[in-house]
Amino acid sequence: MRGPPGRILARRLSFDLMDQGRPLNRQFVNFVLMGLALAAVWLLLSGLLKPLLLGLALISVLLCLWLAQRMDVVDAENHPVWAALRYVPYWPWLSVEIVKSSVDVARRVLSPSMPISPTVFEIRATQRTTVGRVVLANSITLTPGTVTLDVDGDRLRVHALSRDTIQGLLDGEMDRRITRAEGSLQRLGAAKDGPT
Amino acid sequence: MLALVVVVPLLGAAVSTLLPAGRLPWLWATAVSWFMLFAAITLASQVMDLGTLSYWMGGWAPPIGIEYRLDAANALLALLVAGLAAVVLPFAGRSLAAEVPVEKSPYLYAAMLLFLAGQMGIAVTGDAFNVFVFLEISSLATYTLIALGRDRRALTASFSYLIVGTVGATFFLIGVGLLYAMTGTLNMADLAARIPDVAATRTVHTAFAFIVVGICLKLALFPLHLWLPNAYTYAPSAVTALIAATATKVAIYVLVRFIYTVFGPTFSFGDMPTVYLLVPLAVVGLLSTSVVAIGQDKIKRMLAYSSVAQIGYMVLGIGMATTAGLTAALLHVFNHALMKGALFMALGCIAFRLGTSQLEALGGVGRRMPFTMAAFVAGGLSLIGVPLTVGFISKWYLVLAAIELGWWPIVMVIIAGSLLAVIYIWRVVEVAYFQQGESTERCEAPLALLVPTWVLIGANVWFGIDTRVTVGIATRAAEVLTGAGP
Amino acid sequence: MIAAAILAILVTMVLAVIRALLGRTVYDRILAVNVFGTKTVLLIAALAFWSGRPDILDIALAYALINFIGVVAVLRFFEYGAAEGDEVQGK
Amino acid sequence: MSFLAHFNYYVAIILAMIGFYTMISRTNLVKKVAGLNIFQVSVFILFISLGVLDGGTVPILTETHTLYSNPLPHVLILTAIVVGVATTAVALALAVRIREAYGTVEEEQIQAKDDQP
Amino acid sequence: MSAALALEYAILVPLLGALLIVLAGRWPNLRETVTLVTAVALFAIVLRILWALALDEIIEITLIELLPGLSIALHTEPLSILFAAVASGLWIVTSVYSIGYMRGNHEQHQTRYYAFFAIALAGAMGVAFSANLLTLFVFYEVLTLSTYPLVAHKGDENARRGARTYLAILLATSIGLMLPAIIWTWSIAGTLNFTRGGILEGNITAGLATILLLMFVLGVGKAAVMPVHRWLPAAMVAPTPVSALLHAVAVVKAGVFSITKIIIYIFGLDFLADVPQERLLVYLVGFTVIAASIVALRQNNIKRMLAYSTISQLSYIVLAALVLAPLSEIGASVHIVAHAFGKITLFFAAGAIYVAAKKTEITQLSGIGRRMPWTMTAFAVGGLSMVGVPPTAGFVSKWYMIAGAFQNDNYFVLAVLVVATGLNAAYFLPIIFRAFFDTEDQPPQKDHGEAPWPMVVAIVTTATLTVLFFVFNGPVVELEHGILRGPG
Amino acid sequence: MSALLIDLLSWVLIVVGGAFGVIGGIGLLRLPDFFSRIHAASLTESMCAPCIIAGLMLQSGMTLVTVKLVFLVIFLFLTSPTAAHVLAKAAIHGGLDPGALRDADAERRG
């Protein structure tokens, strides 16, 4: 059977937990995964293994799942956890960018003349998934010197501290890398959720 | 049992939220309230023969653990709360169905049960901080209940009550905190034992001031009463009946408990100028609010002001700092609950039929709703203090206490209060019986409302004639509190 | 050395408070408050090491959470326009 | 030194004053609630600071530490904070309902709307 | 029926009557029958009690024990039986009269009227037989509240205002002065029971005793001692039979009865005799006698004139009681009867004149004696009794009062009595002369004779009683000597 | 040797973080309008916080404490841009003008 490890695991789970032959239930799988994630977080944060605390952990995890289900934030769409995994190759580059632009902004702030030229401009996003587009928007905001004001369709409205710093964004370097990261798992057969 | 009386309504509230909207939540709440009454009666009888009961929450010993403690004073209070609840909730069924949208019913009755749980909690807990918690539980329930009133003014009324109430509770909390700082305990009995050693410190004096002021905000002692009239006026009828009958009474109890048990009479009246604080306020409030009541053309509001006046009587009794005075105050706490409950319920019947409590709308109601108006008149006579009603008994004791102290002006004030009550009650009677309304066809309230109302009226007469129980417990409680008795 | 970090954080917080007071627009103030909040998170974290009680880090996490929710809530309030008391949108 | 000895009291008092002033002076119901919160927080701080022991550390038991500040106030204030949050929630809910009913949360405007029915 | 049972019935029967009247409301004849039957039954019961008292049976029953030592209890003694007999007896006559009056005037709400009338009688009986101050107070208030609807009977703004004044003054005085006085008494004497020789002696200083007595005399507003007399003229808005109830049958009598009883059985004559300041009250009451008579003299409306005459007559009784001489006490109690007979006759007459001739002013009465001989003769009898001229009841009581005044050499009272008699003559005799010897200035619009027969019957009866009492007062006076023995 | 190196590195990170924090604060004060101040703020969020936390991680080594710090930094990275974004949106909604939109494509050619 092909597919990302999570998907394979999920299929296994679904076969074990549900009566045979039923088509695989993605939402249920995502629930299980979310539950496991929450449990892991709890364990890591408390680091205690007393039965009482574990019992409480179980209760609170279930409570969270119930709430999530009521708010239906968990749907058939791919889980952010896996989304996060996809962008691993992109993080180092982003960090470097952040450092560079931080230094630049710091320079402008400290220099007596304060050489700034606030600008608003638009760029086009080429990502196909919503997650991808969110990643782009947040990356822009994370890097000092630029902030995403508004996202509408594939057009991002950006405010920059200075005209000189926006060239990189206009060249679309960041956009390209994100799209590539998004695609990188695509080849492994990730969910096809077209642009919304 | 001591724990159940609080835990059951708490859980009951949770259950109520899960019930389907309709009559079911009401039935459930009523059942719970009747259980509470049963429990309260059992406890009260135990207290009367066995003396003070004590129970450690979760087996933790005080001061870490919370002690539930029941003596004559809070036995009386528990009886009062449970009894009133057991009568008002049956009444609430029809009355609230007419005033509150049905889909809210599960939460409505959950709030009522929370309110009762809080009131009961205050009644039985022996832990100062626990009092604060329960006070806030019941207050929060009250805010939501008041906000359910049909008129949008109910919202603003509830909001201002919330602000004032929270400030009051926070003041109380400050006081408790300071006491804790000085004594290292929150258990009332321990506090009572340890305060004398530190009574001289300024911190304890500050604590006393904060606690008294905080509670007086909650119990709407003049001039801190401004939140009350609107709250009572715009809340749904049954809610008004319940909170008017119990909420302020419980606050009074807390005041008594702290002045007499925790701080002790010697400190409260010896070291602190409590008398000069409470008595003048009580007197001025009693007279002024009675006069204001006469001016009201919304009967519900009139009764609300009269409540503030009646609170004046109770505080007066507390301020006398004698066993007789305290007995009178406790008696009036109980008796006023009976009369105000009855009056507001009778008014609820009228509102149920006429959809208003405006005075001018009552022309000829005496003929249209004979039993309801008869109940109102009976309750009114009790409020005035006519013999063979509970009102007379509490006035009798209050006046005796005043004479005992030789406070003749106070006697006159008490009497004057009764006369003012005559005036504002009679305004209603005159319109209802001797003025023609536009309609004359009979529209007596349904039995579901009449029966509970008359049960309370019956209580007004019964306890006005057979005073052994009430006077017995009240005297005993006063003796316990003033340390005169066991 | 952590003392240095704490000092730096405190300085930042002071500057943020000044901005919050100078404000100009309410949004400047919220921005400053937000900065103040995240710096508080850092401060708690640093203090955890300073006092040798890393357990306190949980508090830092909780505080980060509250700070975020708080800022969003406040913004919601101002966006809602309740502060100006104008008519309700979409009503 | 005596000033520092009562430092916590002064902080609490100042905060209480600020909260109280806000509550009274502001006509915007939501701001009143904010004032109420500040007022309550001042009390919480007072309570907590009462439990402090000099040299004592956070009352989370470990092997290494022996001297803790008094945990009881923390417990109580935790409760008080919960109560406070509940109160705030109810208050804000009311504010929302009021806004739906009156279209404003400004006291005078509400008053005006009640007076001219 | 045992005497003790009779005591309870004296209160229960009228209440039961009221209930039946309400039930019979739809059938007027049945309703009125119920009223009459109840009235007669009550009178019979009172006679039964009188009989028991004559045999020196001591009758005392406790209905309810409110607080330890404080109960709702009934007993009998000469004064109470006298009051009870007068009230219940006159109720019969008044009922007959009411039937004529209410039907003759086509009044509304007659059921309410008869029902509350019965309740008022129950209250009066309670006052009469009350064994302690609390019981007295309770039934006193029952009487007050039950007469309010009667006074407000017409229901128009004017009637409501009059009734408001009536209720306000009576409640204000009773709750404001009488109740505190009672509680004070309780707190110093530890009991409220009516006891021979009083309960206060030795527990209270003379000065305070005077204040207490003043609180009682003014607190019992029904006695209409100035300045708390205003309710009586205000109540003139009521229908005539109600005025009869107020002035003769129950209400004002309950007032003077209460004061007499308090003076005799709470303070005690001997104790008060040692209270010099008590004289101040004598002056106050004496002033009321004179002042009220002068006001009456200046009235033109018959009923108002009668009202002020009542005020002065009541003060006779209080005055006599305050003289503290045995004979004057007897005079006081006898005058309760005498004034009852005389005044009810006068009011019935006034009512008859109103129903027959629609006349309300004295100046309109010229020559009416020829059209209504029976009525006006009765009026003359009543008037003479007020003045105290033989052969009428008024003479008997005045005789004992004067004798009592001599007994204590109380020349002030003596003077008051003489002057008042003169004034009474000055405002009654002219009316009588005008009625019989003047000629009608202008003929009336409708040619009328006597009022409906039930009214005439009632009037003649009461007038006859007034005269008969002059002759056969022996038993009553004899009975009232018992006051000086007092209850058990 | 490597322990010393790690220590050194952590100190450097902490100092750098602290420095950027202060600079951000200064920017918060110096910069002329709200939208530029956002950038100063993001300086303290995206640079100062991670550096200091990283420094602390190096202090604590491979323990649960480090895990918590990781959670902390992840959380900050998720929330701080969101907060900034919401803030900017609210400001625009509230009537603040971020400035005229420039023709981006022209820029690219130029």
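Some observations on this one:
A, B, C, D, E and F label the chains in the order they appear, each numbered from 1.
In this text, a residue touches a chain if its C-beta (ideal position, glycine included) is under 8 Å from a C-beta of that chain, and two chains touch if they have at least 3 such contacts.
Everything quoted here is computed from the prediction, not taken from an experiment.
Any chain touching chain C that also touches chain D would appear here, but none does.
Hopping across touching chains, the smallest step count from chain C to chain F is 1. By count of C-beta pairs in contact, A-F exceeds the other of the chain pairs A-F and B-D.
Centroids of chain D and chain F (each the mean of its C-alpha atoms) stand 31 Å apart. The mean-CA centres of chain A and chain B are about 57 angstrom from one another, to the nearest whole unit.
Computed from the mean C-alpha positions, the centre of chain B lies at a distance of 28 Å from the centre of chain D.
A straight line joining the Cα centres of chain A and chain D is 37 Å long.
Listed for chain C are residues 58, 61, each touching two or more other chains.
Listed for chain E are no residues, as none touches two or more other chains. Across the assembly, chain A contributes 45 as residues in contact with two or more other chains.
Listing the residues of chain F that touch chain A in their complex gives 20, 23-24, 26-27, 30-33, 35-36, 38-40, 42-43, 45-47, 64, 67-68, 71, 77-78, 80-82, 84-85, 88-89, 92, 98-102, 104, 107-108. Against chain C, in their complex, chain F makes its touches with residues 11, 14-15, 17-19, 21-22, 24-26, 28-29, 34, 37-38, 41, 44-45, 48-49, 52-53, 55-56, 59-60, 65, 68-69, 71-72, 75-76, 79-80, 82-83, 86-87, 89-91, 93-94, 96. Touching chain B in their complex are the following residues of chain E: 64, 66-67, 72, 134, 137-138, 141, 149, 152, 155, 160, 164, 167-168, 171-172, 175-176, 179-180, 183-184, 186-187. Those residues of chain C that touch chain F in the shared complex are 1-2, 4-5, 7-9, 11-16, 18-19, 22, 24-28, 30-32, 34-35, 38-39, 41-42, 45-46, 49, 54, 57-58, 60-61, 64-65, 68, 71-72, 75, 78-79. Interface residues of chain B facing chain E in the complex, by the touch rule stated above, are 384-388, 393, 396, 399-400, 403-404, 411-412, 415-416, 418-419, 422-423, 426, 430, 433-434, 465, 467, 471.
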